Structure formats: structure tokens, C-alpha cells
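One chain, subunit A, appears in both complexes that follow, with subunit B as partner in the first and subunit C in the second.
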Partner chain A sequence: MSSAPYNYNYIFKYIIIGDMGVGKSCILHQFTEKKFMANCPHTIGVEFGTRIIEVDDKKIKLQIWDTAGQERFRAVTRSYYRGAAGALMVYDITRRSTYNHLSSWLTDTRNLTNPNTVIFLIGNKSDLESTREVTYEEAEEFAKENGLMFLEASAMTGQNVEEAFLETARRIYQNIQEGRLDLNASESGVQHRPSQPGRTSLTNEVPNNKDQCSC
Partner chain B sequence: MMTIDEEQQALLNRAAEERELIFNRYSLGLDPTNQVDPWENPTYEIYHITDKYGFMHDSRLPDRRDSHEIQRTKIELERDKKWHKMLADWNPRHEKLRKRVFKGIPDRMRWPAWKKLLNVEESMATNEKVYQNMLDLSRKYSTEVRQIDSDVNRQFRDNLAFRERYSVKQVSLFNVLNAYSIYNPELGYCQGMACVAGVLLLYMQEEEAFWALNALIVNEKFAMHGLFIEGFPKLTRFLEHHDRIMLKIMPKLHKHFMKHNVDAILYSIKWFFVVFVERIPFSLSLRVWDIFLLEGDRVITAMAITILYLHKNELLRLKDMDTILEYLQVKLHKNFGYNDDYAIEALERVMKKLKEHKLDVPPPAKVNEFPTKPLGQFVEADVEKKIGRRRSEYTDTEKQVISDVILRQEQNAIEVQSTVSYETSECATGDAYSMKTYQSITSLATSPAISSNSLYSNGFFVTITPPPPPRATTITTTTTETTAITSTTQISNQHNMNSSSSSAIIGTRNNSDVGHNKRSTRTELEFEDPYQLPNGEHSFVFDKQNERYGIEQNDINILITNYDQKQRQRSTLQVGGQADDDDDDDDDELSVENTRL
Partner chain C sequence: MARAGLDTTNLESPGQLLTKPAEEEEGPPVKTLNSMERYRNEWLNLLTSLQKNSDDIREFSFDGGLQTSKFRSVYWSLLLRVLSEDSSTWREQKKQQRQSYDILRKEFVKNPHENFKNHIQDDDPLSQSSKSVWNQYFSDQELFGVIRQDVIRTFPGVDFFRKPAIQNIMSNILFYYARDHPYMCYRQGMHEILAPVLFVLYGDHQSLLHYIEIANNLDIDKTLLDVINPSFLEADAYFLFSRIMSCIESYYRVCDDSKNSNCESPNKENGIAYTSEAEVVGQLNFIRDKILAKEDLHLHNYLKKLDIPLHLFGIRWLRLLFGREFALLDLLILWDAIFADSDRFDLPNYILVAMLIRIRHKLLLSDYTTCLTYLMRYPQNVDVNLILRHALHMKMPKKYDRPTNAFIYFTMPSAPRTQYMSSSPKSNAKRDIPSQEDPGRATCCRSLEANGIRAMEKEITLMQTRNAVDDALLAKFRSASEENGWAMDGYKSNVHKTEKYIENLQLLRLELKNAQTVVTVARSKLEVYLHTLRQHVSQPTPPVCEALDGIEELCKFLDVTFIFPSLLVSGPIDQALEANEQQNFQGKTELSNKHSRHFMPQSPDLLSTSSEIPRTTTYERPDNGFMNESSHILGNIKEIELIPIISGENLVDQLDGVPGDVISNKTSVEKGRLPIANPLCLESYSKHL
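The block that comes next holds the complex of A and B.
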């Protein structure tokens, strides 16, 4: 394990935020495991997921912090905003209150991240069209006004989940290419790991430590 | 109105019909037209994937019980009898209570035993009708209902009792949490409480669970109020204490964590909030709960240390934050690597050791960890709370938390910075050369030249990529640090060697790996008693001097390794004696099994 070379070029740190019950953990699970987690327990504090993706032939490890939605935890979770390169801000299209709270989430995010942090707005539960309370248009408008990227997605069907994560990564990568991100600054949320060509290993892709456990 | 005779006749007819029907079904036999409920068939999958606690698994559980399990059942039946007796004549100071709790309360006895340990019956008797009152009030006034609803729907969804929406247990959980949020309005509802109440409800009735939850929250012994209340003062206090113990007992692992930015809050918040449920296998968390209910919150501190101790070597091998957290958050839940008895015995040892070193309890709680307002007195919530609007301003408590968390992070950063090349200390196990290197580095590290490097530029770019990194990659280093990297390479090679022998451990922890362990024991035993600090003090303040010269000496390893050896000797005894009789509790030989799963 220790001898595994890095098989990715960058690490991007993401945070997922939003009201309780909007499906933050399910979105993360859908992205990392490619399936819907029906038994998803509520998040206490912060949880964590990773996946390696490819942008422009570069391997990027996404390090995703999933935060508790209950307001009581916000003082604890907010310390994880620091140094996020991407922030996925989630609301539930079937619950208006979760949409109404977006500006408060946005203020928090803006205050605690760097100006180049890419913020992606996700309207989750797009599969529940019949109980929709927030229209696509108004959310799109909100995103436009605040300079956010935006998609409606469904952690249940997987629709647009992949896209949201990848689009965010592309934008971050673009920021790097255009020199807007200082890779040496801790707050950039990006770490550069020069990979060693010719040494590939799967260990980092399977963080299950298979060699440690005998299951 | 039917006459009595007519009624009797009707009943007779019905019995005859039923008889006929049942006979018919058997005549039909396997004929596809025969009516069979899904659960009646052996193939009914749910039975095969559900464990004894009602949790469903991804794949089938073994059909047959192995000899060990049969033996266990036998022991548990014997223990049932003892517990029956003990509970009938309950005395919290019963001489064998502690010993028996550590062996695990038999599952069938958890209901009565937990109620006794939490004084449930007394609470119910002295608070007649209170629960119903609270429940009624909550129906009208609960402001936490949405959060609770959302969490109830997500709690133990993989358990038969909770999986169905609006099942009896889901309703009970919903009721208990809502009623409690009214009963203790200062606390309200906090995520994590659903899990605690959920565990209680697996063993208790609704109202019992309410009072049991209340005991866990307000009794000084458990005092979960301070964990769940806004600002989480108890969490902060326990985290600080955890760090203190880590520094003293497992400094190497502590620095390893700091180096990879693994703050204890990341892995331990759930350990503390829900007493290890969903972080270690459920059966083991129940064993921890047994002891927790008997001994109180010091068990949480000790179990946290036990987990890290037992997995120290694996954790030291993981070289980035992701894999470390994955290991602690996911892997240990699926497979703890040690059987429950083994883990609990390690816990007992750790508890004893922490006590000897006066580290078993954190500094005392401040008043803000306990309810300041009387319980059960209804207070109507304000409009903002009723609407459930997110507050835009941070409260003073929240501001305090924020600065606490940041302070922690900064302190940790400073620690890492001052010992950035701690890896060399891994060679310090008897390697004079690297010990020297380590010392020179630590002393250098405090010089301004190095401390001016930010944590992150160190932490991020010191790539531990053995075999030897071709160029010193992107590192901007001093010569000393380059030395450090070379040594790291050696260490990692050593690691590779170790990992080949540790694969033996993975199989079974029996004689086959004794050789390996003995070797390491010998090396470690060359050091003096780790707990004989020069000044004999057990200061809470971490002492750099001690660390530098005692980095290995301070390691709890020696004690536990000795213990391991003892256990190993014991395990060589015949496994499979007789179940014990009532008077002596000598089933240790049976229950101790040093097999790593």
C-alpha cells in the first residue's frame, strides 16, 4: 500500500452542502458507487468519498466532503469549506424551503471559500416531477444571477449526477490552466501530484484496503 | 341474535371448513396452484440475509453454524440463567456484575438488563403519564418534526424492524424523539439521537426507550446532553482529551494522522455521538454499549483508543487521508478484523491502563453540558423556530465552536510542522542512527527556517513515493528534510517486508504468527517501562522532552503485546470445554478466541 505511486495528477477537494434531507449523501453515493443508496443513514458531522475521474487526459482524484445538513452542525461543518475547490450546493425541487435557504448557504460558501471556488447548484429529486415545488426556470435564474453552474439531477436515477461532478472539475481545471488558481496556496483546494509514468496501480482507485482485510 | 346453539354450530362449521382447507392444501402438495405465502418458502431470501439482530446484509449469511458458534450459543444459554438470577435480585453492586457485563450481556437479557442499568422502571413509575403528555404536546408544538421525520425514515433502514415505512418501530422512534424534544426543550433534537433511540428501541418498548434515552442524556454518568446540544461542548472536551491520550500513548499514530490532516473530529464524531454504532460491526457495538451503560462515558474514550490501537499498524501503512478515513469510517464497520471478545478484552486492558495513568476521564464538564432548565416543563417555541428558518447570524455558541475547531486545526498544524519528518521515528525502534536523525530533525524543526514553510506546502508536497523518488519532486527542502525522505524509503521497504508477514496475521491470529509477534515484542521490551515517566507525573500538558526521548517508550504496545502473549497461551488451551455452571464464571477459555476474522 505504502509503495503505491500516485496514479492521479491532481486532487480536487469538493464539499456538498444544503439543507437536511435534500439528498446530499445519496448524490455522493450515486457518484462514487454508481447506485442509489436506499438505506442511506443521515450524516453526523462529515463523511467522505473519493473517485478518480479524467479531464483532458489528466487523472483527477475528487475528494468529496459530505456534510451534515442539520443547522446545529453548521459551526462544525463550516471548517471544511476552507480549501474547497468545488462546492456542490444542493436543494430539493420538491421542497421549497430548501430552495429558499440557498442564499444563506451561498453566503456561507462565499465567505469561507476562495473567490475561485466553483459553485455548482444542484436541484435534486428531478425524478419526482409530480411533487415539484421549485421550477427549473426560477432556479436557473437564481444561478445566473449569482454566477453558479446549475443542473437538475436525480440521485435516484443517476440523471445528471455525473455531469455535475465532472462539469465542476472541468471548470476547476480550466481555472488552473488559465492560471487563476495558485496551486501552492492551501485554500485553492487543489493539490498537484506529479504522477510517475510507467507505474500504474489500482490501489488508489480502490480505497477499500483490500490487502488489509481478509473479508 | 344467534342462540347459543346456533353460535356453537357456526363455530363447528368453521372448524370443519378450516380442516378441509388445510387438508386440501396438503393434498395439492407442490402443485403450483397451491397457495403459499412467500415467507413460507425456504428460499425466502430475507431469512438468509438477515442476522440475529434483524440487520439485512448484501449477501447470504452462512447457512450452517460452525462449531464455535454452537459453543457460543451454549455458553449464552448458560449465561442467560445467571442473568435471570442476577436480575431477579438486582443489586448494582453485585460482585460479578462487572465481569459479566464485560463478557457481554446475553442478547435475550439485554432488554431487562439495559432497563436496570438505566433505571427505566423507576423513572416510569415516578413519572407516570409524563411521556403521554409530552407526546400529546409534541403533536401540537414540535418544531423538530421535519428533521425527525427525515431521520426516522433513514434510521436502520437495513433492519427488519425499521425498514418498512411507518412500521411499529418507525412510529415509536418518531414518537420518542418528538416527545423528547418537548421534554428537554433546550436540547430539542439533534442528529445522532435517532440512532441512539433506535438502538434502544431494538430492545425496548416505546415509553421505556424514552426514559432510557433520557437517562443517557441527563445522567451525569452518560451526559449525552453536552454532546448533542448546540455548540457540542462535550465533543470538544472529549476530542481534546482524545488528542492528549494519543500524544502520550500513540504519538507515532497521532503524528501520522496530523501529517495527513486527519483531525480526530473526522473519524470520532460518530464514535462519540452514537457510541460506535455503524462504525464497528453491530454485534461489537452492542458489547460496547453493555459496558457503556455500566461504566459511563469513559468507555467511549477508551474504545476510541482501543480501535486505533488494534489497527495502528494498518493505519500507519495508509499514506493519505482518504484511505485512512475510509478505513475508519467504512472498513471497520464491515469487518473489524478482530472478533468481539478479543476487541472487548483489549478495551478492558486499555481502560485499566488509562486509569493507571489518570487519563481515563477527561477534565470535568462545565455547566453548559447539562440542562439548565427544568425538564418536562413545556415552553412554546418562537416564531422563527416554528417556521424553521435558517438563522443568518451565528450565535455566540456557534462562534465559539468555529474558533475552537480552527484552533484545533492550527494546533495540529503546528505539531506536524515541528515534527514533519516524524517518519524517521519509525526506525527509532532500536535503530540508533535514525533515532539520531530524528532528534536532529526535531530540534531543527523548531528553528524559524523550517517553521516558515507552511504546513500545507510540507504536507502536500512531501510525496512518500517509494521506491526512491527520482528527483526530490516539488519539494522545497532543506538538507535535513532530504535526509528524512531517504529514511522514509528505508522505512517503507521495511514496511513491505512487514506486510508479507502481516498477511499471516490476516488469516488467523494463532500460532502461525507467534514468531513474528515475538520478534517485535522482544525489540520493544528492550525499552524501559513506558509508563515510568522520569518525573512520575501524568501531566495533561504534553511534554516535548518526553516525546523526544520516549517516542516508543510511551507506546502502549508493550503492555498490550504482553497481554497478547498471555492470551495466545490461553488460546492454545483446549477450546470447547463445558459450559460453566452457575457458581463460577470460568468460561473465559471458551469465549476467548484469538482468531482474526
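The block that comes next holds the complex of A and C.
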């Protein structure tokens, strides 16, 4: 592991937001571990996960912050928003109240992130079709009106979870390619890693092959 | 009345208890007698120790005495002052508490379907009035739903919490608490405070029921029967829980305006108020600046450098009182001590720091992401007793000794150094504002500095003596190992292929110790030079400033605490000793304390204890390949750090097995990073030695 260059080219910071119990942590777990976590304990404060994905032959390390649904009133939460390149906004298709709160989550996100932050709307629990309270169409309409990307997904079956993360990454990467993101600004949520380690010392990031599986 | 029951049934009838059950029971008589006897004796001991000296029970809790206790809930009640120390009033207190809980229930459960009499005239289900019973009812339903959602997810791994009855009790308690404490309401995490309380109470109830069963016809102390009464599980848990909550309120409290609306409906749409700061964040900053910085400056600086604020993980650690970081039974040990400590709940602050220091070698080696991963998912193989001992030591250093293996690094040079540091606090302050020298201060500094230098000289002499001794040992050791081909074949054959360069554990240890002394001397000297320079250069030009900052950076950089190379071999040794693992782990702290002493460098008999080496696995073992590897890397890096300092004469020879590119890469980078400070450091050091 010594002299290898970084095994990724970019770091993107994501946040996952939404009401309590919509399945934020489960989506994160499904994405990083490819497993459904039944009975997952709720998040206190913040959780964290990483995975390396590939977009356009570029390796991208996603650094995903999973916030606690009940923490939204906290000043602490605000710092999680800062410098997010992507925001996954989750509601539960079987609980209308979680959908109704989307506009306030969206306001938070818009206020606390930079204009180029890619916001992706996820309607979770799409496997529970029988108890659905929010139709696909109305959510799609909401997404369109607000310029969000949208998918219905299921952390339980894994359906569309991968896609949501990858689509977001593609859009961010596209923004980079089109020069809309300033890689040098810390609030862009993107860090570029040259193929050779530019600065390595005790205190800076050491490329670590284990990142993929240790989280 | 209660007193009478206590005296007659318990204190005066031990003979009865001893003989009767043996005759009556048909099962294994000795065993039942013993467990009964123990149960009864423990209760009596509890009562008598309360009468004699109530502080005893605090000591008892600190020492882990409650681990096997059948009366943990009673101890907790006493420690938390839910029950007073006068046991004669317990029955009355319990009665009152249970009654007041009943009142609470009646007050807060208002079902508009049944409750027509108290109806406000124009109330209807659509009313938005705050007085409307219907409105209250719907709001209650919502709150109950939120609580329920969390309760069913409590401790997924523990079956106890899957019982519907337990889940109902939890939901009720949390609901009544939220209604009785509108300023707190319900916040996520509270149920994980409640859960262990319920678990402990329930366990005590089961013990009592068992006791009643085997002591069937005997008179049992009425106080005991009343205090531990299974039919009041909910009420008793409520009072313990709300007492704990009152101590940790600040972890949960937010002082923003939205809290009331939030309370009524946690998902309410409006009311976004970002003006406030959660109190717990302030506390975590306090912990970082006042405790962590004092106990482990290196780690403190490192976390700061990586921009990892404590609240990222600390909010959860504190709010749940470490409930997610330890297994339930380990957690109870921590809680015993936390409750025993004081009402102010200071101990958690120290536990938090002890937990950080415990995994410092992992953290210091990791990048941002890996660090966070360790902190968000605290390693499972950490010994809770060590954490506790260390926390107690930090809080009350006079009363509790530092556990021998709390740190795996040396504490030897720190004493003179801190003396020096504390004798010239100005030099500390100056680090922060380097180029703003106040002339008035400078004079007062100078005399202090003289003291400091004298202390320094002493320290250096001390270290040189030590070094000389070590050198002699080393020489002797080397020749011995050359002559004998070193009789460690059994050990060697188990050594991992990549670890060839660890020819000899003892040798490496001595080398590392040498190097450590060297670094410490260099660091101390540099600090003095820096101090002197700062005082004598009145108006430094930018390049000088830069140079001084460079030196300062180097000082900080050299403030490395050393991890003993025992970690290096933990992998191979583990493999060799798998059969003994169980045995080693049963003895937990005592055993590991004992063995780790072999790692302390003071005694020359280190050399003759090669047969002891394999037993050192009582250290915390790396739980997977990654940690294992990380400790190997750690060894590498620590050694590599030393190379530029001791000009690479000795150590490089010993490091044949280290991949060359790591060394060259590392050293060149370090040189690149600290171009100014480096030559200075080398010269001043080599002159001295």
C-alpha cells in the first residue's frame, strides 16, 4: 500500500436528509454494505459511510453523512450541510406527512448549501406498494417544479438505491466537467486528488485501500 | 414499622434461613442454600454498609462491585438519590413514588371518547384550541407514535427488548416523561437511557422471585419485598429514568425557540430556528480544550488538524451515555461508576477522553475518513474496565493510579517536562501568538526560564543516565543473541512473513526506547531554544518568523508518544496462542495489568523473560485483519519518523525489512515540509549526544 497513488480521483461529499424513520440509515447501509438492515437503530447526531464508485472511468470516493431526522432544528446539523456536493432528500411513500415536510427540508438545503449542490429526491419503501400514500406522479411533479432529480427506491430490496447515488455523482461530475464547480473552493463539496500523492505527511490523508470495506 | 420488620426478620433469624431450606428442598441442597444465603447476605450487607458509612457503596460501585450484585437497581437508586440512605423510610418513599406515578398517568391520559364529563362545552375533534381535549388527544397520539417508532428499535440484538410488554412499558414511561417535562419532551436517544434501567430492574425482580421461590415458607424482609416489587416495574423505572435524565438534560437540551412547537409535533413544518447552539456542543468543546488537550495534546492537535470536531461523534456518546459504544453488560459497569461519581455527571467527560486515548494509535495513523469510521463505529474489542480505570485516574489522580496499560506509551519523561512547562506558563501562551512579544512579560519570563532550564538540565542528565544503562543492556543483549543464535525459534517460526525485520522483540524495544529518549531530549531542547530566540529577537523579519514557526511546528511534531512495539507482533502471537484466548480473557484487567508490566522498560530482567513473550496477547487483540495491519504500519511509521532525527545510523540497519520506498518517501516529505527546522534540530541534538 506504500507508494500507490490515491485509489480515487475525487471525493464527493453527500448528505442524506429527511424526516425520522423514512429509512435514511437503511439507504446508506444498503448502498455501502449492499445489505438491508432490519431494525436498524435510529441515528443520534450523525452517521457516516464511504464507498468508491466509478463515473466515466474516474474513481470517486463518496463521503456520505447521514443525519438524524430529529436533529433538523439543531445548529449542529447546519454544519453537516456545509460543503455538500450532493443531497439525497428522502421521504417515505407510505407516510404522507414525510412527503409534506419535503418543502421545508428543501428550503433548508437550498439555504445551507451552495447553488450547485445536486439534490436528489428519493421516495423510499417502494416495496410497500399496498400501503402507499404518496403517488409516484405527484412526487415526480414536485421534483420537476423544484428542479430535483427523482426516483422511488427501496432500501429493503435495494431497488434504485445504487442508481440514486450514481446519478447524483454523474450530475456532479458533469458540473465539474462544465466548469460549474470550483474545485478549489471548500464549499463545493468536491476534492480533486491528483494521480500522485501531492502532499503526504503524518497528518494528511493517506491513501487507504481499505476504505471500501471498512465502513 | 419498617424498622421492626427489618430487624426481626433479617438480622435475628440467620439460623432459620440456614437450616430450614436444606431440609425442605429436595434438589441439590448445598447449591440452593448457597445462592439463597448469598442473596440474603448481600441484602444485609447493603443495609449494614449504609448504616456504617454510606460512602462505602460509592467505592463499591467504582470497583465494579455491582457487576454480580442482585440489587443493582437498589444501588442505583441510592447513588442517584431516588432512595434516601435511611433504609427505614424506603417503604414509605416507594409508596409515595408509586402513587405519584399513578396520578401522572391519570392526568395525562385523556381520552375524549370516554371522558365526557370534563368536556369543554364547544370542544370538537377539529378544534385547534390548546384547551381542547380532542386536540390534546391527537397530539398525544402523534407523540406516542414517534416514541413507539423508536422503542421498537431499541437494542436490536437483545431479545429482552423484543417483548411486547417491555415495549409497552417503555413507551408509557417515555410518554409520561415527555408530558411531565414539556421543556424536554421526547428526544431520540432517551429510550436508550431508559432501556438499561429497565433491564437492571427486571433482572433484580427475577432474582427476588427466584429467592422467594427457594425460600418458600420463610419470612422475607418486608422492606426488600416492597423495594423490589415486580408489579411496580413501570413506576420504579420511571423514577430512576427521570432522575438520570435530570442529570443529563443538558446533553439533550436546545435553547432555540422552536423547541416547544417541536415538542408538540417533532415533524412540524415551520419553526426552523438555527440561532441556537446545542448545549452539548459547548460541553464537548470544553472536554476537548480542557481535558483532552491536557491528557493527550498530540491527539488533540491531530483531531483539530483533521478538522474533526468532537460533536460529530460525541453527541451520540454522551446522549446515550455510551450505550452504542459498548455491549450492554459492559455498559452497566460504566454506568455504575458514572452514577457513583456525582450528581453532576463529570465522569462521562473523562470516559469520553479515555475512550479516545484508548484508540489513539489507530486514530493517529488514520486519515480523515478512517478516523471518522473508528469514531462512528467505536472498536468492539476495547476493555471497558481499562477505560473506566483510566477515566477515574484522570478525574481523581490522587485516588486512582494510572492503570498500567492504559497507555502503551512511556510516561517517564513527562514529569520533568510538565514541571518545566508549568513553571513558565508564558512560554505556552506565546506559542499561540508567536510574534507579539510583550516586553513587560519578557523580564518576568526570564527568571522563570532559568528555573525551566535548570529543570531541563536535570531531565537531560536523567535521560542520559537511563540511556547509558540501556546502551549497556543493548550491547549485552546483542552479543548474547549473536552467540546463541537467540533461542526464540518457537517464536520465530510463528512470525508473519512480512515481519521478518523484527528479528528480536527485546532488541527492538530497547532501540525504540533509545530513540524515544533522543526525541524527547531534542524536543525539550528545541523548546528552550525557541523560547530563547523568541525573547531575544525583538522584531523578527518574515523569514525569521517563518523559521521560528518552523521550529515550533517541529516541536509539536516531535511531541510524539511512543507506542510500544508489542503491537507489532500481536498478529503472529495471536495466531500462535489461539487456544489460550479464552483463559486470558476471563481474567480481564488483572491479568492484562500483570502481563503488561513486562512491557514496561524499567527492569533489566526484561532480557531474561523471552519465554514470557507469547503471553502478552492479553493486550487488546486486533479484531480483524485491518487493525492488525494498521498496527504493523504504525510500527513502521513510528520508526520512520525517527530516521531524520538520529541521522539514520543505527536504526536503518535494524529496519532492513521495511520497504525502502516507504522510508525515502516519508523522510523526503518530512524534510520538504519542514525545511527550516530540520537542520537546526539535527545539529542541536547531535551536539548534545
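Basically, the second predicted complex is superposed on the first by the 185 of 215 C-alpha atoms of A that agree within 3 Å, B and C clash if a C-alpha of one lies under 4 Å from a C-alpha of the other, contacts with A are read in each partner's own complex, and residues count from 1 in each chain.
By our rule, contacts are C-beta pairs under 8 Å (C-beta built on N, C-alpha and C of every residue); 3 or more make two chains touch, one makes a residue touch a chain.
On a predicted model such as this, the values are computed, not experimentally measured, just so you know.
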Pick one for A:130: touches subunit B only (first), subunit C only (second), both, or neither.
neither
Is A:184 in contact with subunit B, with subunit C, with both, or with neither (first, second, both, neither)?
first
Quick one: classify A:44 as touching subunit B (first), subunit C (second), both or neither.
both
Which positions of subunit A sit in both the subunit B and the subunit C interface?
1-3, 19-21, 38-48, 50, 61, 63, 68, 70, 72-76, 78-79, 97, 101, 104, 107, 204, 208, 211, 214-215
Note: in the complex, subunit C contacts subunit A through residues 146, 149-150, 152-156, 187-189, 192, 254, 256, 258-259, 262, 266-267, 269-278, 281, 302, 305-306, 309, 311-313, 315-316, 319-320, 324, 364, 366-370, 372-373, 376-377, 557, 626, 633, 637, 641, 659, 661-662, 665, 669-670, 673
Interface residues, subunit A side, partner subunit B - complex:
1-6, 19-21, 38-48, 50, 61, 63, 68, 70-76, 78-79, 97, 101, 104, 107, 184, 186, 191-194, 196, 204, 207-209, 211-215
The answer for subunit B against subunit A in the complex is residues 146-147, 150-151, 154-158, 190-192, 194-195, 230-232, 265-266, 269-270, 273-274, 278, 314, 317-323, 325-327, 329-331, 334-335, 337, 388-392, 394, 397-399, 401-402, 405-406, 409, 454-457, 460, 463-467, 470, 473-474, 492, 495-496, 499, 503, 506-507, 596-597
Which stretch or stretches of subunit A touch subunit C in the complex?
1-3, 19-21, 38-48, 50, 61, 63, 68-70, 72-76, 78-79, 97-98, 100-101, 103-104, 107-108, 199-206, 208, 210-211, 214-215
